[in-house]
Every structure is written in C-alpha cells, then in structure tokens.
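Two complexes are shown next, each including chain A; its partner changes from chain B in the first to chain C in the second.
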Partner chain A sequence: MNVSIILIILLFGALATYFAGDKLAKTVALVISLASFVASVAILNQHNAGISSDFIYKWISNPNIYLASKVDGLAIAMMLLTTALTTIIVWSSFANQFKNAKGFYALVLFMSFAMVGTFVSADAFLYYIFWELALIPIYFIALVWGNGDVEERKRAIVKFFIYTLAGSLFMLTAFIYLFSKAGSLLIDELYLLRLTEQEQFWIFGAFFLAYAIKIPIFPFHTWQANTYQLSPSVGTMLLSGIMLKMGLYSVIRWQLPLAPLAAKTYMNIFLVLSIIGVVYGSIVALKQHNLKKLLAYSSLAHVGLIAAGAYTLSLDGLRGAVLQMIAHGFVVVGLFFAAEIIERRLNTQEIAQMGGIRILDTKFASMFMIVMVASVGLPGTFNFIGEFSLLYSLYNVDIWYAVIGGTTIILGAVYMLKMFQNVMLGEANAKPFAAITLQESLVFVIIIAVLLFFGLYPKPINDLITPALQEIVAKINRV
Partner chain B sequence: MNTLIAISILGVLTLIAEIFNGRKLIVPVAVVGLLGILGYTISPYNAYDFFFNNMMVVDKFSVAFSSLFIVITILLILLSHEFYKDVPSTISDFVAIKIFLLAGAVAMVSFGNLAMFFLGIEILSIALYVLAASKRLDLRSNEAGMKYFLMGCFASGIILFGITLVYGSTGTFDTIAIYQISHSTTFPLWFYIGLVMLLIGMLFKIAAVPFHFWAPDVYEGAPGLTTATMSTFAKIVAMAALFKLITILLPSKLYELDLTIVVVAALSMLVGNIMALRQNNVKRMFAFSGISHAGFMLSTLLISNNSANVLFYYATAYAVAGLAFFAVVLYVTKNKKHETIDAFNGLGKTHPLLALVMTASLLSMAGIPILSGFFAKFFLLNELVQANWLVLVIIAIIASIISVGYYFKIILAMYTKSSEEELPSVPMIYAVVAVLGLIINIGIGLAPSFIYDLLG
Partner chain C sequence: MEKNIALVLVLAPFFGFLFNVFFGKKAGKTLVGLVGTASVLVSFLSTLFFFSALNANPSQPVVVDLFQWISLEKFNVNFSFLLDQLSVLWLLFVTGIGTLIHLYSISYMHDDENMNKFFAYLNLFVFFMIMLVMGSNLVILFIGWEGVGLCSYLLIGFWYKNQDYNDAAKKAFIMNRIGDLGLLVGLFIVAYVFGSLDYKVISEGAYNTQLVSNNSGLIALAALCLFIGATGKSAQIPLYTWLPDAMAGPTPVSALIHAATMVTAGIFMVTRMHFLFDLAPQILDLIAIVGAATAVLAASIGLVQNDIKKVLAYSTVSQLGLMFLALGLGAYEIAVFHVITHAFFKACLFLGSGSVIHALHGEQDMRNMGGLRKVMPITFWTMMISTLAISGIFPLSGFWSKDEILLTAFHSNIPLWIVGSIASIMTAFYMFRLMYLTFFGEFRGTEEQKHHLHESPALITFPLIVLAILAAVGGLISLPGNSWLNHYLAPLFRKAHEAHHLDATAYALMAVATVGALIGIGIAYSKYIKKQEVPVQDAEMKGFASVLYHKYYVDEAYDVVVVTPLKKLSHFFRNYFEVAFSETVFAFGKIANAIGTQGKVLQNGSVGFYLLAFVIGMASILVYLFLV
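== the complex of A and B ==
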C-alpha cells in the first residue's frame, strides 16, 4: 500500500460528499475523513515495520517531472495531524447548519486532500501544485460561508488570497531556477545541488516570502487576524490548525536543506523577525476585544516561536518545532471550537458581551480551561514539551533569544487568563447559555486526551520524527 | 494544402445552402465538415510537403496550429447557432465568414511565401472587419467596425511595406530562399527595417503594447461572439504567424530584437493587467487581459528550446479558457445593453455549473494549478529562465499577481452578491461549449505532455 491511497480517498471522498446531497454530506464527510485517518495509521504501521510507502511515476517527460512522494517520519506525522484534525473539525461542525452543505464539506475534504499532498510530495512541481490547490477551497469556504459584513469579508479574503499567491509565485520562480540547475525537481536531486552563496541567498529569500506569508511571520502577518475572524469556524480551524503548518513544514523540508548557507549566514535576521512576531502577537492579543481575533494573535505569537526554533538549524530546534506544530494544531482547534460553541449560543464574538458562563455550564468551563492552560504551555501538556524544546534550542544560540521568546509563555498566560476571566467568570449574563451537548464535549475530550497523553508520553512522536529530522540536519550541515 | 481547399469549399457550400433553403442544416453540416477536415489535417502528421512552388509549406507547426484553429472554429460555430437565433436569415453569412476566417488562418501558419502570408492576413482581417460591424443598426458595433477597419488597414499597409523592403534586400518572397540567403550573406540595413515594419504590423494584430489602443474599444463595441472570435481565435492566429515569420526570416538570434521583444512583452503584461483592474465592463476587461496574454505569448520568441511547443501550449490553454469564458458571458449578457460585472451577480447560486466553468476559466487565466493556464505559464517561465531572462520572469510573476485582482472581481460577484433579475434558462449549446472548455482545460492540465510534445 502506498500513500496515494490517502489522496485517492480524500479526492474521491470530496466528490462523493458533493453527490451525497445536502442532508447526508456531513455524515459522508466524517466517514471519509475517518477513513483517511485510518489509512494514515496503516501507513504509520507500515513505516514502523520498515516497509516504504513511496510512489514514483513519470508525469511529464519534457520538462522532467514526476509524481513522487517521500514518506518519512516527518511526513507521516504531518499526515496524521492533517487527517486527525480534519476528522475532528468535520465532527465539530455537526451542530452547524450550512447552506449548500454538500459544497461546503466537499471543499473541506478537497482542502485536506491538497494539504496531505503538500506534506508527502517529493517533487517540487507536484508539491507546488498541492500547495496552491489548498488555497482554492479555503478561499471559497471563507468567502461563501464566512460571517460578518460581506464587503469587509471580501476585502479581507481577497487580500489573503493575493498575499499568499504572491508569495507562492516567487517560490515557483525559485523552483524554476533550481530546475534549470538540476534538470529535475525531485527533492533528492535538488539536495545534491551545490549552489553558490549568492544563489542560495535569492532562493532562500523567495522561499521566505512564500512561507513567511503563510505561517505568518512578522511583518507579513497583516492578512491573518481579519481572515481568521471573518471565516466560519471550520475555515479558521483549517487555516490555523493545519494550513499554517504547511508553511512551517516547508521551511524544514524545502527551505533549510536547499539553501543552508544562506540560512546560516542570515540566521539572526530570521530569528529576530520570528521573535518580533512572538512579542508583537502577544502584546496585540492583550488588547483585543474580539475573541477570535485574540486567538488569531495568540496563534501568531506561538507560530513565531515555532519558526524561530526551526531557524536555529539545530536538531533540538527542529524537533521542538515539529512537536509544537502538532500540539499547536490540536490546541488551536480546541480554542476556536470553544469560541464557536460560545458563538452558537450567544451569537457574538465580542468578549464584552460574554461573561459568567461558568455558572451556567461548569463542564464547558472546565474543558475550556484545560485547553487554555495547555495553550500557555503548562507542564504536563503537550505544548509544554514543544515550547520547552524550542526555548532550549534558542538558548543554545543566544540566551537573549530565549529570554525574549519566553515572554510568549508569560504574556500568553496574561492574555489567556484575562480572556478566560472575562468570558467565563464573573456575574452571570442575562442571556441563557444552553449546556454543551454530548457531541460537543466528546470533541473536547478527544482534543484534551491527545494533549495530555502526548504531554506525559511524547516518546512515540519523538521516535517517529527524529530519524527524519536527523537526516534533514545532516543535509543542512553538508556544506 | 488540401486542408485549405477543403475549408474554402465548405465555406462556399454554406453560402449555397442558403439559396437551397437549407438553413437548419448549415451549422450541423459545417461542424461535421470541419470535423472531417480536422481528421484529414491530422492524419499525415509528420508530413513535410511543399505546394505550388513553395507557396504553401505543410509541416508539424502548420498541422498542429491548423488543427487547433479548426477546433476553435468548431466551438465558435456551435456558439453561432445560438447567438444568431434571433436573426435566422443571417446564419449562413456568419458561418461562412467564420469558415473563411479559418481559411485565412490556415494560410497564415502554412505559408512558404510572404505573398501567401499577406493573403492570409487580409482574408482574416477583412472577415473580422465585417464581423465587428455586423450589428448594422447598433451604433457601437458600427464604431467598432470602423475603428478596427482603419487601424487594421494601417497595420496591413505597414506589413506590406515591410514585405517589400524584405523583397528589396533579398530579391525573393520565398521564405526558404530568404532563409538560405540569410545564412550565406549579410543583409543591407533595410532588411532589418523591413523586419521591424513586419513586427510592428503584427504587434498591431495581436494587440501588444504600445499598439493596443484599438483593442478595448473594438472588443467592447463588437457583438459578443465577434469579441470572442477576435480575442481568442484572431489573437493566437496572429501570434502563431508572427512566431513563424520571425523564426523563418531571422538568420540568428539578434540581441536588439530580443531586447525590443522583452520591452514590448513586459509593457504588455503590466499595462494590460493594470488597466484591466479599472474596468467594469467584462469585454473591456477581457481585452486588457488579452493584451497581457499577448505579452506572455510574445515572450516565447525569446526562448531557444521548445519555443514552438510553449507557444502552442499557451495558445491552446488561452483559447480554451477564453471560449469557455465567452460561452458564459454570451449567456449572461444576452439581453443586456452593457456587459458590466453586475450581470454576474448571484450566478453561483442560480447556475452553479456555469459559475464553476467561469471560475475555472478565470483561475486558469490567472495561472492557478491543475488548470492548463498554470502549466502554460510554468512552461514559459521555465524556458525563459533557461534563456537567462530572469527580469522578464519577475515581471511576469508580478503581472500574474495583479491579474488575480480583476479575475476575482467576477468570481466575487458570482459568489457573494445576489441577483435581482431572473435569467432565462441556459441554452443547451452554450452549456455544452462551456463544459467542453472546462473538460479540455482540466484534461490538458492533467496530461500536459499530450499538447506540449506535439511539435517534437
């Protein structure tokens, strides 16, 4: 069995969902995403047994392009993250009534298809196609099913699209240049290239534009908050939970090994930019009145730290980045789901109009609290392990990076607790707040279980990703 | 050669059909006839033949492009069936003119003699003048026809002057003879002046900056189907002819010419896309978008490897997307005086299929993957990097980013606004052409080698 089975399940699943009609769409989508998750686990087992799940076919003979995959531990981890989160996200939306639901769920699965494709591709051209394809469904999800004023939403989402597309096109130029050097776009052949420092500088820069916009890294983050706020919750979860990991993953898989000299020479610039994002995101989050916007800025702060870890070029940094990518994926989906639950009941995203929910629904309050403390990196949760390794790797570069980067935990605790206090505690609101349903709490239970389990026992993920990351570090240090 | 004769006979037949009261048969007969001619054209695929003292040369290039032109003409004739429904008495004229247009186009890509080339270009142009002005009682159509006629004549005159200068310096119209002479002797200055004249005239025809001013006005004024013909069919015909002309006449790469083309291409890409941002009329917008695509196609002249392949792929992708685009536009703007973007409001809800086709065409033209437009741009940029024109690549990338801005205006209108008025039901034939365009678009995106390797 090779990894194309997951792509096939998701692609044809998207079609099946569309033709299942509005009533059945969500059930079909859930079954398909669950099937893709099961298939990912099967691939994982195969990988652990030492059997390769790669495929390679010739696609275009002139220029030389392949349909090829590289399924190492890193790709499998990301694939599992994508399929697991897609399942959770689809399930979390069961209480929502979408117009034209068949189109909506088909787009969600199609996006999942494109994202899995991005993570497993081993040919830069194929990778680029998946990378761009992921943009189309989220564009329509946010545009058609989003909330807020239509004109405002249009502006925000077109901005998001043009920003990301612009970055990607420069990445495409870099790939074309690499192709003219290597005569092939297979990742292993690109790794063999010996580029001059100047060439690496430009290639690194082109990649950086694409990834810095997608992740986003300061100062390319301006599309983020509005897009997160105005997308439907499912779209926000897809964007923050999985899609921005595409950028971080690409840094590790493509940018650093292909232009290591530039990465080493200018390391401090990228570390500083990433850390500015951490501090900036945290400070702006302190000032937010809109719950989804607050979460968006907190996400900006967290991914800034992840990017900084990746740019340290050390094994610890990369490992911390990958661990935190997974942890952040689950936590952020949990947080946005909590925001969605509140919005379903109170019909608002404004923090000022919430308050006192704990009195009305203690169960929800405690689950929200666990996810929230996980997001600030309380020891015992998965996020602690990620943030700890990231800060440790920064400390090895320079203590000040770790000190300033560490503010993400302190400031994170401040704005998160403040938010929790305003939203959940205090006087009971005049508005009624229906207790959360069994289905909603099950989604929370799954997310919390993952966060706590890997927080206490991260070894499986660690063992999975470390060999792949060692290989990448060796590629980075080859010159 | 026989292709040309068969096409001409078919054109005459459609005219005669009118006399014998066979109006209903015209479109089916023309389509079946063209399909037959298509098969006939493709069958001796690797042929390399000369006819009438080298007046016509049949090679891979001409066969491939002729086939593409025939396919586009078939789609255009299918659209005519619905478009001219209200004036049934004219259908034979319009179908016949389109077939003669095709004859001119075939002559333009299979010429072996500059006289033949000029004949081809005039057949094509005159047919287009007539089509542009064909809405006799509509002032805008008259204006468009007149403008196009004056500008076109001007361009034709310059081309003819260029041909005479080339003749004066070589003593022959025969392209093969010119090619041989060019490799043995050096030319006097006026050969190059003639070449520049030819280039200017052809840049007029493909509407590249700075010779693009006629395009938006003419496209806007002309009847919808004529705009479709001009912007998809005529543009790629002129581009293919220009390509053949330059590659045949020029002894070797000429740095000055390359530089000129870089400037013209870069300006076309930028001006076309920036001006398109400001347009509210779909046809004008498409005119400017076409100008930018002319810039892209023009840059194939800078490439040393696979240049004909890249041009052929780009032209196919552009034409297919353009035809699908116009199939929807013709339907949506059918009973409207002005073709503003508002006409598309709410199409995503009322006609999801047409909206899907439209979205795919626009995304293809913007260069979003899996659609053929992306591959066209990729192949082009790839070869441009190999040819060391990185500057032009960057400009092309910036132009593509700008283009997303206006392509998305239509997509936004379709999916975020709601329409006030009821649209009539979709004519079968428009839907067929639109879906056909979509299928070809995705098909040649999934298997690009099929088109890309045709010219070897």
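== the complex of A and C ==
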C-alpha cells in the first residue's frame, strides 16, 4: 500500500460527499476523513515496519515531471496531523446547519486532499500544484459560508487569496530556475544541485515570500486576522490548524535544504523577523475586542516562534518546530472551537458581549481552561515540549533570542488570562447559555487527551520525526 | 517496592483531584472532604516511609526513573524522581501541613456550593508541589513550579464572580510567569554549560574545576536567572506585589499555598542548586541584599495594614526575605530551618485568622474586630503562641531559627544584621498590633455579628492546636550546638557547615534580639492596649503612614512604568501599524491595477500606433546591442 491511497480516499470522498446530498454530506465527510486518518495510521505502521509507502510514476516526459512522493517520518507526522484534524474539524461542525452542505463538506475534504498532497509530494511541480490547489477550497469556504458583512468579507478574502497566490508565484519562478539547472524537479535531484551563493540567495528569497505570507511571518500577516474573523469556524480551523503548517513544513522540506548557504548567511534576518512576530502578535492581541481576531494574533505569535526555531537550522530547533506545529494544530482548533461554541449560543464574537459563562456552564469552562493553559505552554501539556525545545534552540544561537522570544510565555499569559476573565468569569450574564452538548464535549475531550498524552509522552512522535529531521539537518550542513 | 511507594506518594493527591472533579458533585460534601484529605494523608504516610529509609541509610537516596520525556540533541530529560534528604524533608511538611489544612477546609468550606472544586484544586496543588520537590531534574521541578502557579491562580480566583479576585489571580499568574522566564533561561544556561539538567550531573559538573573556570561568567548568569525565578514564586523584590493581593483566595489557600508551601519553592530551588550558587558569590551577595531589603520593606508595610490577612501576607513576604538573607549568606540549612518553623507558625496564624473571619462572617478589617479573646479561646491561644514564635520569643521555634539567621548575618555583614533586626522588631510590633486589635479591648463590629460570635468547630481548632504545638517546639530540630537538622542535611553539602556554638557573642545577640522583640511588643502594647487606639479610617491617613498604607505606591508605579505603556503600545500597533501594513499590501494591488489601466490605453486598436511602438522598440534594442 502506498500513500496515494489517502489522496484517493480524500479526492473520491469529496466527490462522494457532494453526491451524497445536503442531508448526508456531513456524515459521509466524517466517515471519509476518519477513513483517511485510519489509512494514515496504516501508513505509519508500514513505515515503522520499515516498508516504504512511496509511489513514483512518470507523468510528463517533456518537461520531465513525475508523480512522486517522499513519505518519511516528517511527512507522515504532517499527514497524521492533517487527517486527524480534518476529522475533528468536520465533527466539530455537526451542530452547524450549512446551506448547500454537500458543497461545503466536499470542499473541506478537497482541501484536506490538497494539503496531504503538499506534505507528501517529492516532485516540485506536483508539490506546487497541491500547494495552490489547497487555496481554492478555502477561498470558497470563507467567501460563501463566512460571516460578517458581505462586502467586508469579500474584500478580506479576495485580499487573502491574491496575496498568498502572489507570494507563491515567486516560488514557481524559483522552481522554473531550478528545473533549468537540474533538468528534473524531483526533490532528491534538486538537493544534489550545487548552487552558488548568489543563486541560493534568490531562491531562498523567492521561497521566503511564498512561505512568509502563508505562515504568516511578520510583516506579511495582514491577511490573517480578518480572514480568521470572517471565515466560518471550520475554515478558520483548517487555516490555522493545518494550512499555515504547509508554510512551516515547506521551510523545513524545501527552503532550508535547497538553499543552505543562503540560510546560514541570512539566518539572523529571518530569526529577527520571526521573533518580532512573536512579540508583535502578542502585543496586538492584548487589545483585541473580537475573540477570533485575538486568537488570530496569538496564532501569529506562536507560529513566529515555530518559524524562529526552524531558522536556527539546528536539530533541536527543527524538532521543536515540528512538535509545536502538531501541538499548535490541536490547541488552536480547540480554541477556535471554544469561540464557535460561544458564537453558537450568544451569536457574537465580541468579547464585550460575553462574560459570566463559567457560572452557567462549568464543564465548558473547565475544558476551555485546559485548552487555554495548553496554549500558554504550561508544562505537562504538549505545547510545553515544543516551546521548550524551540526556546532552547534559540538560546543556542543567542541568549537574547531566547529572552525576547520567551516573552511569549509572559505576554501569552497576559492576553489569554485577560480574554478568559472577560469571556468566562464574573457575574452571570443576562443572556442564556445552553449547556455544552455531549458531542461538543467529546470534541474537546479528544483534543485535550492528545495535548496531555503527548505532553507527558512525546516519545512516539519524537522517534517518528527525528530520523527525517536528522537527514534534513545533514543536508543543510552538507556545504 | 520503593518505586511503587514513590508513585503512590505522587499520584494519591492526583487521584483525589480526579475523584473530586468527576464525582465530587454527586459524592456529597462529606466524601469530598474525606477523599481530599485522605489522599494527602496517604502521601504523608508514604513520605514517612522514605524518611525512615533515609534515616537508616543516609547515603542512599532513592531515584525513581520512569521514562524518557524531552529529547534534545545533546541530552535527554527524563521523567524521574529523587528522594533524598532535602526532598523528603520538604515533602514531610508539605504533605503534613497539607493534611491538616485539608482537614480544616472540610469545615471552613462546608457552606460553599463548589466545595468539590475547592478540594480538587487543593489536591491538584499538592500533586504539583510534590512534583516540584520530588523531581530529579530542573524540568520536572519546572512542571511543579508552573503547576502550583496554575493552582494558585485557580484558588485565588476561586470566587470567580468577583472580578477583583480574578484580577488578583491573574496578577499572581503573570508576575510568576515573569519569574518563570528567568528560571527557564537559567535552565538553558545550565543545560548549555553542564550538558544536562539532572541535579546529580550538574552537581558533579559544579565540582569540576576545569569546567567551572571556563564558564564562570555563564554560571553566574545562570544563578542570577534562577534567582529571578525565585523572586517570582517566593515574592521577593521586585516581583512580590502579587502575594498580598493573593489574599483574595479562601483562607486555607493563603495558609497552605501563600504561606507554608508554594512560596517556599524559591528557597527549595536555591538550596537544591546550592552547588551552583556557591560558584557565584556575587549573586549570593545580591540574594542577601534583596532578601534583607524585602524583609524590611514588607515589614514596614505590614505596620499599618488593617486587613488581618494583609498583615499576615506582608509578614510572609518579610519572613521569606529573611530566608533569602540566609541563603545569600550561604547558610542553606538555616534558611531551610526557618522555612520549617515559619510553615508551622504562619500556617497556624492564617488558619487562626480564618477562624476569626469565619466567626465574623467574612469580616477581615481589624478595625471592626476586638475582644474576641473570651469567645474564641482556642483560636486566641493558638494564635498567641504562633505570634510569640514569629516574634522570636524564647523558647518558641521562631526564636531559634530567626536567631540563627541574625547570628549568621552578624558574623558576615553588620549592615545586613541591622536591617534584619529592624525587620524583626517591626514583626513583633505588627503581630502584636494584630493580636491586640483582634482579641483585646471591646468588640467593634455590629450587634448582629456580636450575637453570632462563637468558637470554631473542632475540625478547625484541631489543626490550630497541632500547628501551635509545632510552632512552640519546632525549634528543637535545630538547637545551637546540637542540630539534628544540620546533621540530617549533611549528605547534601560537600563541606559541612559548622553549627554555631553558644559563645558570648551568640548569647549577646540573643539578648539583643529578645530586647528588640520586647520593644516592638511594648510599643504595640502602649498604643493598642494602654491608649486603646484604633487605626484611623483610610481617608484620614496622613504622612508617611499613608505612604506605607499604600504600599509605597509600588503597584501604581508598575502601572505607570509597565502596564500603561504596554496598553498604549498595543493600541498604537493595532491602530497604526496594522493599518499601515495592510494598506501597503493593498497599494501593491493598486499599482498593479494602475499599470493595467495604463496598459489598456496603449492597447487602443490603432495599427499605426502598434507599428510605431514596434519600430521604437526595435531601434532601442539595436542601439543597445551596438552601443553598450
């Protein structure tokens, strides 16, 4: 069995969902996404047993393009993250009533398909197609099913679409250049290229524009807050939980090993930008009135730290980055789900209109609280492991990077506790708040279980990703 | 066997927590209290096992290695525990006093609708405190360190309908996190220098002279960072301001977390890492100075506070300062000694104040108390014993431990001795002020309250009696010249610290200290008993007393220097930077649009124009090719 099975499940699953009709769509989507997760676990088992799950087919002979995959531990981890989160996200939306549900859920699965494709592709052309393909469903999900004023939404979502697309074009240019040098776009052949420092500089820069916008890295983040706010929660979760990891993953898979000289020469620039994002995102989050926007800026801060870890070019940094990508994926989905639960009941995202929810629903309050303390990296949660490795890797570059990046543990507590106080604590609001349903709490339970289990025992993920990352570090250090 | 008992020790409170969270509401209040208390008692009994094992075999600490936790390129962090003299000692009083306070809470929190939550949080706190103490490396300590911070946050804000309490809880967490960043950076430096975070490996490295001399700067920096962490958790200058606010929590919480156990974590950590601090004498000096300064600063604020718990809170900050003074002088055992005696008498005082507050239905202002001695004899006498102990009156526990600290200070640095002595005199004054205002004179509360005055039930008075006895006799563990404690802790330290012998200087200093305490008590007596003074209302306060009452305006200063600028910066970023970045992106779009519009003009359909453009273009290329 090779990894294409997951792509096939998701692609045909998207079609099946569409043809299942509005009534059945969400159930079918759930079954399909769950099947893709189970298949990913099977691939994991195969990998652990030492059997390759790769595929390679000749696609176009001139130019020389393959349908090829590279399923190492890193790709498997990202694939597991994508399929697990897609399942959770689909399930979290069961209480929602979407117009044209069949289209909606088909797009969700299609997006998952494209994202998995991005993570496993080993041919730059295929990778690029998946990369761009992932943008289309989220564009429609946000535009058609989003909330808020239609004109405002259109402006924000179109901006997001064109902005990220424009960034990607630079990456395409880089790939065309690389193809002209290597005569192939297979990643392993591109790794073999001996590029001059000058060439690497331009390629690194072109990649950076694509990834910095996607991740996003300060100051390329301006699409983020509005898009998160105006997308339906499912869209926000897909974007923040998985899609932004495409950018971070690509830094590790493509940017650093393809242009290691440039990475080493200019790493401080990118470290500084990433760390500015950490502090800047945290500070802007302090004064947000909209819950989803606040979470968007907190996400900016968190991914800034992840990106910084990756740009340390060290094993600790890369490993911390991957661990934190996974932890952040779960935590951010949990946070946006909490926002969604509140929005379902109070019909608002404005923090000023919330408050006193804890009295009305202590169970929800407890679960929200656990996810929140995970997001501020409390030891014992998964997020601490990543944050610890990341900050340690920064320390090994320069103590000031660790200190300034580390302010996230203070500022994160400031804006998160303030948010929690204003949203959940205080006297009961006059507005009714229906108790959290069993289905909603189960979504939380799964997320919390993941965060706590890997917080105590991250070894399985460690063992999975470390060999792949060691290989990448070796490639970065090959010159 | 040992491994299993260690696991029971750690996990019993955690199961108590789980039980109270999931079944607490249904189980009923009696069972909630019983399970909550019993789970801590189980930990206490397990600790006794290790205590006796260690006494039988002092050179064989128990190490329990569970599994590999965090992997880094150069080293791994394991999930493992270390039960040596220091951790077992700490566990003894954490779980011992913890059990008593849980018992007390059964009665104290009985009328609270969320009693199960209270016990759950309290159990969770004990669990994290055990982790903090029992970890065999700094990262496990850090789990406990932040975990107790979380529980502290939950318990300060236990009555979460009141946003002032929530503010206090948030402040405590954030202030602690500032320290935590220091601790974390300290960890990184230690890991970098010693290649491990395991206590054993670090201590071996610390005795490796080659390693140490190559990294002396970094080691000092690490010690400084760790100390910054300690200033957060143990409420020292400049991060002490959260502790008085933390009194918003229910009183058993103040007794357990904010007096006896959690706030001593900083002293524990410094003692644990003494081999590192010994290598950084300049940082030790700093610790001594900060400790002495905190001791006198907090004591001076305590002089004029009218909230009974606030007085005790500032007293705690001040006493912690004395402990840091001892640490800074390198007298780790003496700091530990004071931690223990302080845990006894301060827990007793807090629980006693809770008993008073309980009797007065929530009244905390001492101006509305008075004359409670007759109605609450047990509360009065237990608190009186503890007050005498904290004031350093012979032969109660505080006399011995405080005396040791001052004696050490006298031998190394006279100014520090003077500052410490002033703090001690102030302590005697404000503690007796508290006692006189609360228990003597006439009752100043409402008639309504007067009718309901009563001694607290046995579940409350029993822990008070036990703690008062311990506060009285606790000094026995470390008598000058014959210190069980120093002997017990000896395996921890490479060079044995000489116990002070009773020479003439020692006697003279004891006499000076006792006279000082008596002066403090005398002033309190003349003001509040003889002249029957009652502190004036807040608005009438004048001069320096007002400055003291407003805690030197430190909170206000922090607001002006840190909080407000941060808010302004956030506003500024949101309203200007974000807009500017966003507009820049749109500007690119507009440029593209504009080029398109201009291009449209060029594409006007006139063949003549196209031809002209073609010719000009060709001509330019030719010119370029030939000329350049």
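The working rule: the second predicted complex is superposed on the first by the 479 of 479 C-alpha atoms of A that agree within 3 Å, B and C clash if a C-alpha of one lies under 4 Å from a C-alpha of the other, contacts with A are read in each partner's own complex, and residues count from 1 in each chain.
To be clear about the criterion, contacts are C-beta pairs under 8 Å (C-beta built on N, C-alpha and C of every residue); 3 or more make two chains touch, one makes a residue touch a chain.
Because the structure is a prediction, the values reported are computed rather than measured.
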Partner chain in contact with A:Leu143 - chain B first, chain C second, else both or neither: first
Chain B versus chain C as contact partner of A:Phe170, first or second or both or neither: first
Touched partner set for A:Tyr128, first chain B, second chain C, both or neither: first
Contacts of A:Tyr395 with chain B and chain C, given as first, second, both or neither: second
Partner chain in contact with A:Pro379 - chain B first, chain C second, else both or neither: second
Which superposed partner A:Phe204 touches (first chain B, second chain C, both, neither): neither
Greater residue coverage of chain A in the superposed arrangement, chain B or chain C: C
First (chain B), second (chain C), both or neither touched by A:Phe98: neither
Which of chain B and chain C A:Ile162 touches, first, second, both or neither: both
Contacts of A:Phe364 with chain B and chain C, given as first, second, both or neither: neither
Doubly contacted chain A residues - partners chain C and chain B: 162, 166
Parts of chain B lying in touch with chain A, wherever the complex brings them together: 306, 309, 348, 363, 368-370, 374, 378-379, 381-382, 385-386, 390, 393-394, 397, 400-401, 404-405, 408, 412, 415-416, 448-449, 452-453
Contacting residues of chain A [partner chain B, same complex]: 60-63, 125, 128-129, 132-133, 135-136, 140, 143-144, 150, 153-154, 158, 161-162, 165-166, 169-170, 172-173, 176-177, 179-180
Sites on chain A touched by chain C in the complex: 159, 162-163, 166, 219, 221-223, 225, 280, 283-284, 286-288, 314-316, 319, 356, 358-359, 362, 366, 373, 378-380, 385, 388-389, 391-392, 395-396, 399, 402-403, 406-407, 409-410, 413-414, 417-418, 421, 425-428, 456-459, 462, 466
Complex contacts: residues of chain C adjacent to chain A: 21, 67-73, 79, 117, 139, 142-143, 145-147, 150, 153, 157, 160-161, 163, 166-167, 170, 173-174, 177-178, 180-181, 184-185, 188-189, 191-192, 566-567, 569-571, 573-574, 577-578, 581-582, 584-586, 588-589
